[in-house]
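As structure tokens, here come the structures.
Each of the two complexes below includes subunit A, the first together with subunit B, the second together with subunit C.
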Partner chain A sequence: MKTMLGKRAVSSLISLFVLIVMVFFLSRLTGDPAALYLPVDASEEMRQNFREIHGLNDPVIVQFGRYIGDLVQLDFGESLRKARPAIDVVLEAFVWTLWLALITMALVSVAAIVVGSIAAFNVGRPFDRVASVLSLIGASAPDFWIAIVGIVVFSVSYGLLPTSGTGTVWHWILPIAVLFIRPFGLILQIVRGSMINALGSPYVKTARAKGVKNRPVIFVHTLRNAMLPVITVIGDQAAALLNGAVVVETIFGFPGVGKLMIDSILQRDFNVILAAIMVTAIAIFLMNILIDIAYALLDPRIRT
Partner chain B sequence: MADHLLEVRDLSVRFHTAQGIVNAVNGISWHLDRGETLAILGESGSGKSVSASAIMNLIDMPPGEITSGQILFDGVDLLKKSEEDRRRLNGKRISMIFQDPLGHLNPVYPVGWQIAETAMAHGKPKDEAYARALALMERVGIPDPKASMDKYPHQFSGGQRQRLMIAMALVLKPDILIADEPTTALDVTVQAEVLSLLEELQEETGMGLLLITHDLGVVAEAADRAVVMEGGHIVESGTPRELYHHAQHPYTRKLLAAAPGKGEMRDPASDEQPILRVQNLQKSYGSFAALKGVNFDLHAGETLAIVGESGSGKSTIARLMLHLEPASGGKVLWKGEEILSKTPREMGPLRRQLQMVFQDPTQSLNPHMTVFQIISEAWVIHPDILPKSQWKDRVAELLEQVGLKPEHALRNPHQFSGGQRQRIAIARALALEPDLIICDEAVSALDVSIQAQVIALLGELRDRLGIAFIFIAHDLPVVRDFADHVLVMQRGQVVEHGTVRQIFEAPRQGYTQRLLAAGLDSDPDVQAERRSQRLALAATQA
Partner chain C sequence: MKHSMLWAGALLATTALSPAYAQDSAVTIVLGEEPDLVEPCMATRSNIGRIVLGNISETLTELDVRGDEGLKPRLAESWELVNDNTWRFKLREGVTFSDGSTFDAADVKHSFDRAKSDQITCEISRYYEGIEITPSVVDEHTIDFTTEPAQPILPLLLSLLTIVPSETAIEFTREPVGTGPYVMSNWAPGQSITLERRDDYWGEAPAVSTANYVFRADPSVRAAMVQAGEADIAPSISAIDATTDMDASYPNSETTYLRIDHSVAPLDDKRVREALNIGIDREAFVGTILADGTQVATALNVPTTLGWNADTEARPYDPERAKALLEEAKADGVPVDTEILLVGRTGNFPGATETYEAIQSMLSEVGFNIRLQMVEVAEHEQYYSKPYVQDQPVLVGAQHDNSRGDPVFSMYFKYHSEGRQSGIADVKADDLITRATAATGDERVALWSELFGYLHDEVIADALLFHMVGHARVGNDVEFTPTIATNSQLQLSEIGLK
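On to the complex of A and B.
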């Protein structure tokens, strides 16, 4: 288990490094920073001055070394638009996204596991049919459309919920509801399939032949085995939300990382973009390690 | 008081499937007494396991439906009892073990807990349940039982897993143990050990043992009485000796005739140059040596059988020869030419000469292709064999050669039975007109009567087309009927190499002798002799 986590951490670090390299050089490929950051009518002198301050006259490899050195100290430079350290701006937004993702995924996981399991026990009956059709629709409906319909119905027509912002609990309902639908549909399908599989498995037959009661057959023997594939999908979906739900956050004016990234791209605030990419990448790597740990805890075959 | 411990009377079970109603068993009756072993003998689809599932209440209803009959346990009809009452009997008074112990043990819980669970499910306190589990693990011969309690199923060998299943079933000293193909997936020597263990435990506890099997050898070795099932009916019953010597029903006779290991042995007489020479072939995985230097020659039209138990390296030889895995050392000379060092490109044209038939035709045939596509694909890859205009005729010809019909060409693999699928796999191999066919356990998944047919087919192809075979098998009687030479493998090494007659009539090595003695014979008298031989060998070993 420890060696597995060690390997996982090393491979995560390698991917992280590759990501850093790509982000650095890609941002250089977009053009001369002096031309991009400064106003169009800036004089050549101003540009030269700008390059001098930011070390843009040094060889690229030296710049890269400096960039890495700063990264290690979590120094992403200043946000050009907000005149604050970029990392502070990003972390502030990331906390919002983190809460949004955590609450959504907690609700999704519980709901999908409960509904998916009930559907699996009632294969082919009305409950199963309805759940399957709804989950399919949920998994394939585009979230921008659901978001807009949600606003039209609940905010505009009935005035029940606010359209955007974060002031009260009510502000959270629509974004969470919209983000809920797709992962719920997907995970429900996986839970249902996995549960049907586990219920028909030989070890369940053994448990019944041993005279184990119904409840432990389901909750002890079946559920734990059925959860293995489900955890992977929950992890994937959580990672997607951590990445910043760009569309949903933008539509609802939710001050998370997704919205921050879009705003920063539009404002060419490169330091913030880089910091946001790094923070979400690290979050996703940590998330994957958590999933691995959960998987190993559930399945002894992974541990050895 | 009831006449018998367990009695099944006039039981009929049917299943509602998408293809309509399937009558699994029709009005079958049998009984089992204390201390007695009854075997239910049948091939796949005979309904031999259905009555056991009905006894254990393991039939899902729907799609299953019990249309008539009684299951009397101590004189009380189980079918009239409540679900809860039947649950209380399961594991406590009637227990069951299954064919595939790895699948039937829960992979995510320690085995000690799984054994103790049987006792806890029937109200025993935790300490007592664990104490019983430990005692039983020791009794069934699990090494270091205390430490093994906390291990998981994947950390045990196949034989040990079946021992664990037995321990799990016997925690509460049931009156009846149902064993559904308990030794089918096990190596011969392990099979003999597990059957002996069951017998000892039966003597200790006086339980009735219901043994469901397709193997006449298991019946000869272990049963007091047997019933023979075919197509959901009991066609015949009696003691193993009565059945073997005085079988009345044609189906029983057919089964007995199909049992391998009774035919004439072959005497190879070839002094030509060998077409295949394998020299010092080796394979290591990291520091583990799977194959430690294997040598043999093979002549055209001859069959070399490679026998050994799981993990002996017998399949590795085939995989290395065909470049399915890189070898770690040694040479393979095919018609005088070294082929291990060839690049994939150079290997391409040679591949048509060396073909392989695998164990499981369900998995080795692409389910989305028709039989025509499966067979003719070979000619797409090797276009020089046959012009496209002749494909249709040739496919029809090949299908007839393997005992199928030309009109089968347009069907998909799932529309065939296991034996037919293996015939398709053989036709596919023949399409390339190979000089050598490697059969990796090619008949071991088939029912005995089908097995006999497929072996006969292979023998005919060998004689008619002069194809050489490498026949990898764990089943010695089949090898005895089919091979010219035998290579006995153990732990990556050749233990003994000789003609089939020498190996079977005068085995020189202790391991070969043990392997032969562990094999089960369908003749109860031969089997009794072999059994004393086995026990004697075990005694000298100890």
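On to the complex of A and C.
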């Protein structure tokens, strides 16, 4: 297990470095931040001065060396636009995203596993049919549409929930509900499929032949074996959420890292882009390690 | 007995408290974009100006956008021209900053020097470029501004200079200090900014005691927030949502136009430019793709601008004549079949893509060979500003905003042969711009007016399209009328409570 984790850590560090190099140079290919930072009628002198202040006049390779040098000392640089350390801006936003992702994925996982298992146990019966159709609709509906309809119905028409923003527990309900729908539909389908397979497998038949009851059959024998593909998909979906739920953040005015990343790319705020990518990459790397551990716990063959 | 006395006491207390309660009034304003900084010297950037200008920071002079008083005193009580190159400002006494320090001439000088400093890039300094301006303190409440060359509209230019205390460091601040009626009490990045009314403000106390700014990128969410009672004012919502009696439209001072680069054939031919102009049915857009109230433009500046020429008339839509003009030009060897690139900016205004698509189709109908390309802001800038793309004739669809009352903020930049976004190089236009910039009073009005007429009627400098309107939603508990300046500033003192 330790060797496995060690290998994973090394390969992740290499990926992270490659990522930094790529993002550093690619983001600079998008052009000059001075062109966007200053109004169109600003003079060339003003632009020149801006580049000078922010060290954008140096050759890119010099800028890169300086960046790596600072990074080693854990200095991610200043945001070009916000006049404060890029890492502060990113961590502030990332905490919101992290909570949003954690809560959503916890709810999705529990709900999808329970509903998916019940559906698998009742294949072809009304419960299964309804669950399948609803999950398909959920997985295919565009989230910006669900979000707007949610606001119109629950906030404007009935006044039950706040339209958007942060502040109370109520503010979290609509964003989480919107984020919930798609991964729920997807994971439910995987759980159902995987459970149906497992339920038809020889060890379940054996267990049943021995007279084991339904409940232990599902929760002891089947679920554990059926979980491997489900965990992979949960990991994928969680990674997507950690990258930021741009649409939900934009519509609900949720100050997460997704919108921050998009904004900083559009504004060419290089240090924020890099810091945001690094923070999310590290989070996803840590999450992958958790998934590996979960795998190993579920399947002894992986532990070696 | 005891009880009734208690009741009486409670009643008295309530009565005594109620006027204070009436004044304790908070409003929530929902904006589309959170500012990166709340920095006074960046207040000409609209997302910063809407929060800072006139609320946290004040200026020496102020343009009256609600009435017709023109330039009004604010931190300056009066100003006069001492000689051709020197303006003298008498400053208001008894004014304090929100940090408790007293406002004087040294603060004005520091504010100017800070804005012009090359250690930071203050956006307001672009209005002082190309002129040498030297502020010098005469006494505590008098300051001179000496300019080279003479600057007749210096008092107007100073309506953009936000005043900070002389102790303000020359680096961007996130904790602005100003003389305005409000002070920033809280900023939760990504969530909200709160301004509190100051008790020691020199002027009349505004009705609103607390303003809470929140930020939502989606216009329909902004509209929904006012409808649900979560916000009081949404200064910018989309036309599609503006259907309730809480909604009002207002000219937002943006003018949409197609900038023509006159140096590349066939756009160097005046007949071709005229055909471009009469080949677009502007009226057809109003109330369809664009909101009701949108005006057909005859100048880059809005009608409330100094010297705006009422005699210029929009060229009526005439596709037959447009075809004839193109034929005529073709007969003279003008390459009218050349593909012309029409560049539009995605999301520049609601319905931008549809507008440019319709223009492309109208122009194709009269015989132009137009290719439309919608681009992002950064790419748009590459077409919009010099050096221009030279290998192909290009029309750049763009918007220009000048709510500052004088064409000087537009003309050099958009029409002088040296202007960074000018499509023309015309000796007479250059001369008019130079003279109008230096002129005062009626002469200034006449020269700008002549320039507007000349550009539209004789040069056919560009294809002017529309003066745009914006839509605001105002909740039932407050009174607020948006103006042409609402895009760039929103003074809380102009909000009334019902």
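In this section, the second predicted complex is superposed on the first by the 264 of 304 C-alpha atoms of A that agree within 3 Å, B and C clash if a C-alpha of one lies under 4 Å from a C-alpha of the other, contacts with A are read in each partner's own complex, and residues count from 1 in each chain.
Note that in this section a contact is a pair of C-beta atoms (placed from the backbone, for glycine too) under 8 Å apart; a residue touches a chain by one contact, two chains touch by 3 or more.
Worth saying up front: this structure is predicted, and the values here are computed from it rather than measured.
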{"item": "Which of subunit B and subunit C A:250 touches, first, second, both or neither", "value": "second"}
{"item": "Which of subunit B and subunit C A:299 touches, first, second, both or neither", "value": "first"}
{"item": "Partner chain in contact with A:151 - subunit B first, subunit C second, else both or neither", "value": "second"}
{"item": "First, second, both or neither for A:162, with subunit B first and subunit C second", "value": "second"}
{"item": "Contacts of A:93 with subunit B and subunit C, given as first, second, both or neither", "value": "second"}
{"item": "Most subunit A residues touched (candidates subunit B, subunit C)", "value": "C"}
{"item": "Subunit B - residues contacting subunit A, complex", "value": "56-58, 87-92, 95-96, 98, 100, 103-108, 110, 117-118, 121-122, 152, 154-155, 165, 168-169"}
{"item": "List of subunit C residues in touch with subunit A within their complex", "value": "36-37, 39, 44-45, 118-121, 123, 125-126, 129-130, 171-174, 189-192, 214-218, 220-221, 224-225, 227-228, 230, 376-378, 381, 384-385, 413, 420-421"}
{"item": "For the subunit A and subunit C complex, residues of the former touching the latter", "value": "30-31, 35-43, 45-46, 49-50, 52-53, 79, 81-84, 89, 92-93, 96, 148, 151-152, 155-156, 159, 162-167, 250-253, 255, 259-260, 266, 268"}
{"item": "Contact set on subunit A toward subunit B in their complex", "value": "201-203, 205-213, 216, 221, 224-225, 298-301, 304"}
